[in-house]
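Each of the next two complexes has chain A plus one other chain: chain B in the first, chain C in the second.
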Partner chain A sequence: MLDKLKQRIKELLTNKIVNCVIGYEQGDNPTLARPVYITKPNEAERLVYNEYCIPILAKYILKPEVRSLKLEAGKIGIIAKPSDVRALVGLIQEKQIIREDVYIIAVGRKEDFPKIYDEIIETPLSELDAKRKTQDAEQLKQIAEFEKKTPEEKRAFWQREFDKCIKCYACRQICPLCYCRVCIADKNQPQWIPPMPNSGGNFSWNMIRAYHLAGRCIDCGECERACPVDIPLMMLNKKIQQMIKEKFDYQAGLDPEVPPPLSTYQEDDKEKFII
Partner chain B sequence: MARIGVFICHCGENISRTVDVVKAAEAAATFRGVVHSVEYKYMCSSPGQNLIKEAIKEKKLTGVVVAACSPKMHEPTFRRACHEAGLNPYFCEISNVREQCSWVHEDKTVGTAKTIDLIRLMVEKTRKNHELQHIKVPITKKALVIGAGIAGIQAALDIADGGQEVILVEKDPSIGGHMAQLSETVPTLDCSQCILTPKMVDASRHENITLYTWSEVIDVKGYMGNFEVTIRKNPRYVKEDVCTGCGLCYQKCPQKKIQGKFDAGVGLRRAIYVPSPQAVPNVPVIDKDHCTKLLKDRCGVCQKVCPTGAIDYEMKEEIITEKIGAIVVATGYDLIPNNFYGEYGQGKYADVIDGLQFERILSASGPTAGEIKRPSDGKIAESVVFIKCVGSRDPAKGIPYCSKICCMYAGKQAMLYKHKVHHGQAYVFYMDIRAGGKGYEEFIQKGIEEEGTTYIRGRVARIFKKGDKLIVRGMDTLSGQKIELAVDLVVLASAMIPNKGVKELYQKLSISYDTYGWVSESHPKLKPIETSVAGIYLAGACQAPKDIPDAVSQASGAASKVLALLSKDELEKEPLVATIDKNICAGCNMCVQACPYQAIELKPIKDRKGNVLRYASEVNHGLCAGCGVCVAVCPSKAPDLAGITEEQIYAEIVSLG
Partner chain C sequence: MQITKTNLEQFINELIKSGKPVVAPIRENNLSAYKPINSFNQINLDLPFPTKSAKEYFLADYEKILSYSFGEKGQIEMKEPDQPKELILFGVRPCEAASFPIMNKVFSWDSQDKFYQERLAKNLVITVACEQSDDFCFCTSVGLSPQATDGSDIFMRKTQTGDYLAEGITDKGKNLIEKHKDLFAENSNEKPIDYKGPEKKFDLKKIKPWLEKNFEHPMWNQISLPCIGCGVCTFTCPNCYCFDMVDEATLKEGARYKMWDSCQFRMFTVHASGHNPRDNQSKRFRQRIEHKFNYYPDKFDHTLCVGCGRCIRHCPADMSLLETLITINKLT
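This part shows the complex of A and B:
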């Protein structure tokens, strides 16, 4: 599979279909794979693809070094997991990238991807994805359990979890859809979110982060993975996903043509207060 | 340093009953920046306003907080007072201590404490106010009237007489609307067409009116004073400028058996037709769903007989765009479909008809030339039952409202019937008789006492056919007895509903409508002619069921609103609009999608060489209504709303501690 991938990347770069490919290379130790930009055909040899290829690559498409690339010399290629493709859908929807500027090389099972990739290298279900699926199921169970709590218990639960937060903003930095030029957390006129890692400030930050991703979170799980103090952020994200699915029959990251329900004005909106 | 004056209104007793206004004034005097704090019985009265004006001058106030009723009521009053005293009106803020405090509380301690808090909020907000100037927008001096029934015609004539240009758009081939279909009108029994046709002709000849019949408004962009309207002129297949209206074409057309809209299905017309002899313009139109030439490329008789060569089977639709300053919506009404009540057999029995169909039968220019011949066999109807409230006032059927005109027209139709069939018998089934209107009650009484109409209070349960008679089975609820009548004709006073396809039009206009599809007025009492969109007014039955005098007077009202708007060269717009900080905006497009007024656009940000670096949102201040949706939807709070800035909201929240 890896050989096929390397071969294909070489071809794409040689034929100037792509200008650069975002993929993974071997990290400093055998259990690390790190993102890499491949710009020359012979560099394709550096690529790896294994169970350690975890970090979401879609985030890198917004980096200045990628943005400044001359598109005449080819598109920006990206080796994409299902979550990467979903993130790209979100970014296309929100006009951060133009579909035609990107060349998506999906790696995985066909049924796991939204149908917007350019080509696919089919592989059986990877260990990593299988693990993600069991994690998902567990988390849904966790949410169902959580729903049984009283409002006071729920608040106490999150208070305890958010108290751990050290305001490192790793959740924000890793999120492929947190791309604001100025984050609300960094705004200080007025300062809606207190910068100190104290109880109130932590609550504001974590809740606002979840709300800003309402109807946008593509369920990659990176925020929770990046969190150094293990706050179960995906519980919040998943709960909101469930609600959006239920109320609007919408799931983020599947189709760039479908307008996102929470930020689209409609004359026949259920909520009459808008006009 | 801020020098703020606080003015607390008693509103008679409305506020002072549950708020200790003296205590509130004392508390307000201690707030940061407050240099003056008083209470007064009626702040909105002229002495009350003078208190504010004098304090601005004497105490050199830089801000005014009026604690009174909702800003919806008197914000303009107090802002004007401040302006007159030389203070920028946007330094005046209203603290709503009536609707949001005294009216909802009973306990005076609670009410007083909350009032003090509400004033504190507004003082903090006022401290951070900025001087704002009105936004000036040029006005296009041209009006559009949608719908050329009596309301639309009247509005267009009044605007045109006022010296402004009007475009009158009608989707039917002729102007005149439903009024042109009617026989005689209540309560004076003057012939409907005789009083309407002069207006129709005036509308077509007026130098300030451009008439587009057989046309529809397909798109509306822009805002008050500056709308851009797209009109589709459907193909008539007859050249308007060549046709002389001789009528040869429709006399010769072999397609004879088409149930037309104008005769409401009781008369037949040809495939090429003018709706009525009085049609304006008197130019035929080809019904493309029935013309064999257009459908199958056979026939072509009309083209052969036309002496002026006006027939053009190749005619295409025409798209016209017009710049418009103000719009009048006069889209009228329709009746419920004939299958609405299965038990009445309308649609199944030819002799169960609705009020409009009976109007055509009564009309001297109608299909029976005014004789009361029943549709099934052309026999003179010896007895007729009129049933009122068919559909109307029936919440179970989804129409809880009263259609308003049916009591009068059913009474009139019974009377006219008796005038034509002297020995005939007219029965009216009614729930109530609602005859509120000048001369209306007298008219109904005359029908009962002098013309011998029999009124039966009760509802009809079922209608069925027996021999050549219709059996009407119902209940007389006054005597409590079952009633069964064998009659020749049944006329249903069917409920009025909004016209077909109007909701799509209203969506294009962005005006609100109620659950039934009637246009919503801006305020039910004080702004009954304004819609929810500035610069768009309404007239006639598109708002709710209405009779002719109501429709006409409302049309003249709408015309005066339009004339007032178009009399200015520039429009002053409230400066409370959003502005987006391009340095912060990430161009995510969310506000663009969320804006109900299509006021936001993504615009490229370029470097010196003209290369596009990125995109950021920009608000068109002419279109912005200051609703604040963009502020709410933006994750990085790039938009800010003048007059209600983020800093002000934050200051208000913080002031509560």
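This part shows the complex of A and C:
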């Protein structure tokens, strides 16, 4: 599979269909592959593809340094997992990237991808995706357990979890849908969110992060993975996903043609929330 | 002095009973952290190292540095901040212990940072020599070792039989051993586990001269591309000391807080005009390396890195300080 991938990337670069490909290489961490930009056909040899190819590459397409690599003609290629393609769908919907600027090389099972990729290298269910599916099931169970708690217990749970937060913003920085040029947490005139990692500051930050991703979170799980202090952020994200599904019958990251429910307006929108 | 495992347990429990908070590495769920403990049994000295270093007990992640209120006639009444408590830190790694005096160089330079200095004077550090390291450790490459006693008040080495050899390094440490001397015995012939640490991976002497000359080297752009610009490296680092301040106020009272800040954040260098001299991540990444291995040695004659490996171990995008330094070594 890897040989086929390398071969294909070489072809794409040689034929100038893409100017650059975002993929993974092996770095210092044996359990985490490193995002890499391949611009020359012979560099494709550096590519790896295994269960440690975890960091979401769709995030990297937004980096100014990467955008500048997209020379006059040609596209940016991206070796995409299902979560990468879902993120790209979100970014296209929200007009952060133009579909035609990106060349998507999907790697995985056809049924796991939104149908917007340019080509696919089919593989059986990857270990990474299989692991993610088990994690998903566990988290849904956790949420069901959490729902049984009293409001006081719920608050205490999150207070305890958020107390661990060190305000490193890894959750925001890794999130492919967190692309605001100036994040609300960085606005300091006035300072809307207390910048110190105290209970007020941590609660505001973590709740605002989750709320701002309502109907937009594509469920890649990267915020939770990036968090150095293991805050179960996906519990929040998944709960909100469930609510969006229930209220709007919508799941983010599946179809770029469907407008996201929280950023559209229809005359017959329900107005039950207006008192 | 030699102390048996049982006596060590008693020693720590006596320290806890004496009323001073004792901070040690513990494991909560899967997270390893330095936390105040209630009993010796909570301590976990195994790998992985605590995610956050023990830095927060010297340079608080946030603290109130002053507060004020308006009196009835509108006069300002200032309140002094709370005094830091005396702490005993047990099970600190030699690399982290070494970081405390290094950071003190900047906090006792032109401006005296009494918050840091007071904590450094009050805290007592009991270091335990490492018996193992992981893929990310590189203390030996920055001039330290698992046996380095810099910054420790008491230094402990485990022996083959599970006892510990304790050495009072400072007067503070010696006095504490003296106070509990019934728990310690003279050294027998037992040898400590003499772990030499990870293999040396680069030549520190070559780094600074290269950095001085290569501020604009194309390597910076290339190597920093995976960086996502979060603060994991700087916040888990035992030596990164940059902080920010913010005022919180109502019409009646207010307070000024000091908290960790990170050079990896875009906001770190944004001027009031809107101009940002470090306007991309490659410049911000370069700053971290230059500060630790060029500017700090220039000013304070010491590298601002102890090789604990946290910045690599916890990086969500596998950015590697070590690999950067090895690359620089090869370029020289």
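Operating definition for what follows: the second predicted complex is superposed on the first by the 264 of 275 C-alpha atoms of A that agree within 3 Å, B and C clash if a C-alpha of one lies under 4 Å from a C-alpha of the other, contacts with A are read in each partner's own complex, and residues count from 1 in each chain.
The rule is simple: contacts are C-beta pairs under 8 Å (C-beta built on N, C-alpha and C of every residue); 3 or more make two chains touch, one makes a residue touch a chain.
Treat the numbers as computed from the prediction; the structure is a model and nothing was measured.
> Clash or fit: how do chain B and chain C relate after the overlay on chain A?
fit
> Touching A:95 in the superposition: chain B (first), chain C (second), both, neither?
first
> When the two structures are overlaid on chain A, which partner does A:144 contact: first (chain B), second (chain C), both, or neither?
neither
> In the overlaid three-chain picture, which partner chain does A:170 touch, first (chain B) or second (chain C), both, or neither?
The answer is second: A:170 touches chain C but not chain B.
> Which partner does A:265 reach: the first (chain B), the second (chain C), both, or neither?
In the superposition, A:265 contacts chain B only.
> When the two structures are overlaid on chain A, which partner does A:212 contact: first (chain B), second (chain C), both, or neither?
Only chain B; A:212 stays clear of chain C.
> Could you tell me the angle at the CA centre of chain A between the CA centres of chain B and chain C, given to the nearest 10 degrees?
That angle rounds to 130 degrees.
> A:37 in the overlay: touching chain B, chain C, both, or neither? Say first, second, both or neither.
second
> Is A:192 touching anything from chain B or chain C once the two structures are fitted on A? First, second, both or neither.
first
> Between chain C and chain B, which one touches more residues of chain A when both complexes sit on the common chain A?
So, of the two partners, C touches more residues of chain A.
> After superposition on the shared chain, which partner residues are touched by A:179: those of chain B (first), chain C (second), both, or neither?
A:179: touches chain B, not chain C.
> Considering the aligned complexes, could you tell me the closest Cα pair distance between chain B and chain C in angstrom?
6
> Residue by residue on chain A, keep only those touching chain B in one complex and chain C in the other, then list them.
Shared contact residues on chain A: none.
> Sort out for me which residues of chain A touch chain C in the complex.
27-30, 32-37, 55, 59-60, 63-66, 164, 166-170, 172-174, 186, 188, 191, 194-198, 222, 225-226, 228-230
> Which residues of chain C touch chain A once you look at their complex with the stated criterion?
Interface residues on the chain C side: 29-31, 51-52, 61-62, 135-136, 221, 225-226, 228-232, 234-236, 244, 246, 248, 257, 259-260, 262, 265-267, 280-282, 312-320, 322-323.
> Hey, which residues of chain B end up touching chain A in the complex?
Within the complex, chain B touches chain A at residues 507, 510, 512, 532, 583-591, 593-596, 602, 615, 627, 629, 633, 635-638, 646-647, 650-651.
> Name, in rising order, each residue of chain A that touches chain B in their complex.
It comes out as residues 93-96, 179-184, 187, 189-190, 192, 212, 259-260, 262-265, 267, 274-275.
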